[in-house]
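The next part holds the structures, each set out as structure tokens.
Shared chain: chain A. Partners: chain B in the first complex, chain C in the second.
Moving on, here comes the complex of A and B:
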């Protein structure tokens, strides 16, 4: 499945404002599907940086990197899931989304994002 | 402000969305009770100026008027992160605390506001009123037991940790997979994560962050911000349902918040 098809599926979920495939190492956008007004490069850089930080935490505890993280804020959320080959799938979503569904779909997409 | 003035500011903002007129415009709409419109204008301003304490203060007032106490609290605590001496935020948080019946917390915010503006008579009068209200509700010989987060956090030693924003340990502990204490290293990592989360949510216009959940490996994690200057990490093995872990973290954060406020 192509990245654009994968991201297209994710952005069809209610409340999703943008979906990106990002290089985890340098935070560069590999593919994106964004609503107007969302800065893909900023999302990619910030998500990759946060992903690196959370990986540092679990490494400190002798554990593998998280496969999924969800940052919840008052007006929205940012979610990340690790894919193969150093890729990170990122979603920007509204605060009132079905977080459980989003999590499942993102994890499934990350498995296919090889 | 007249309707003509509001229309003029609206037109000005439409011509130049980066204009700071969103501040008087949203305030005027708030004062006229047009809270949906005020919220839309203020939210746009906050997204455009995520480092401006005054924009979040305005958002706090609008949220408070809408009866959205939690969101007003978030807005005003963000103000204090950006500007710890912002009197408006201290007043706003005092008001929210008073409305919630949390007089001790209300007094702390009000006293700080009076320290910052010692000549403001209305603030001093408010402080006196709240002191009387709080005092009148005390029952002689009865003291509310001080909550002890250590008891809540350390029911399972090594699975919950409370640190300040510099990563210094406040309570609890965290062990690595070999069972060795890793609290200090985890505290340092949490300080970095907090800065990164703060930066991401602010720059993306998502508002103040409240929760970070991590999954993968033999354990899952939940990170909370019990107060504006503390972080709480709770972990459990992956077979504990994520919803239950989130609930545990919420409860521990509530207890930690009370404990920290008592300490101060």
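Moving on, here comes the complex of A and C:
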């Protein structure tokens, strides 16, 4: 499945403002589907940094790297799932969205992106 | 961090804090080093400034030969270190930035905060000085003068 098709599916979920495939090591956008006003390059850079720091934390704790993380803020949320080949799938969503459904869809998409 | 012009200090300090860059060099296209962070020897700054300007000039020329628009930024990625090199326009003329970063940060973060640095420099710059022609023969004397100031000699 192409990245654009994958991102298109994710952005059709109610409350999703954007989806990106990001190079985890570089924090660079590989593919994106974003609502107007969202700075994809900033989201990619910061999400990759966050992902790297969370992975560093779990390594320090002697645990395997997480496959999924979620950052909840007052006005929305950011979700990330690790894919194969150093890719990270990131969703930007509204605060009121069903986080459980998003998590499921994101993990499924990360598997398909492999 | 040392800067020749005080108005550069706050934007550069913000960039360094956010990007986690190890080395940073800001210079004019005529070779005057405006600010540096992380370099301990003037010789290193001189070499980095000359090589950085050379790389950007070479890539711009390559783009011209291929009929492409000029390239303003170049990124080199190594296993342990990366280099981000970019030309940008300020109210004080065209400047070059050279950033060396490690695995504690990423190219995406460096690019993101470098763009913010450029915006902040544009806002912080005092009224424009009269433009003067940039000559190749000015490069080395300008560089030596600014190195003396940046390393307190």
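Following the convention adopted for this analysis, the second predicted complex is superposed on the first by the 114 of 114 C-alpha atoms of A that agree within 3 Å, B and C clash if a C-alpha of one lies under 4 Å from a C-alpha of the other, contacts with A are read in each partner's own complex, and residues count from 1 in each chain.
The criterion applied here is as follows: a residue touches a chain if its C-beta (ideal position, glycine included) is under 8 Å from a C-beta of that chain, and two chains touch if they have at least 3 such contacts.
Here the structure is a predicted model, which is why all the values come from computation and not from measurement.
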After the overlay on chain A, what do you see for chain B versus chain C, clash or fit?
fit
Looking at the overlay, what does A:66 touch: chain B (first), chain C (second), both, or neither?
first
Does chain B (first) or chain C (second) touch A:15, or do both, or does neither?
neither
Counting touched residues of chain A, say whether chain B or chain C comes out ahead.
B
With the two complexes superposed on chain A, say which partner A:25 touches: chain B (first), chain C (second), both, or neither.
second
In the superposed arrangement, which partner chain does A:74 touch: chain B (first), chain C (second), both, or neither?
first
Touch test for A:49: chain B only (first), chain C only (second), both, or neither?
both
Touch check for A:92: first (chain B), second (chain C), both, or neither?
first
Looking at the overlay, does A:41 come into contact with chain B only (first), chain C only (second), both, or neither?
second
Least Cα-Cα separation in the three-chain superposition, chain B to chain C, whole Å, stands at 9
Contacts of chain A common to chain B and chain C in the A-superposed view 42, 46, 49
Under the stated contact criterion, what part of chain A meets chain B in this complex?
38-39, 42-43, 46-47, 49-50, 53-54, 56-58, 60-78, 82, 92, 95
Chain A contact footprint on chain C (complex, rising order)
77, 105-109, 111-112
Would you pull the chain A residues touching chain C in the complex into a rising list?
22-23, 25-29, 41-42, 44-46, 48-49, 52
How about chain B: which of its residues touch chain A in the complex?
43, 70-71, 74-75, 174-178, 182, 185-186, 189-190, 192-193, 196-197, 199-201, 203-219, 221
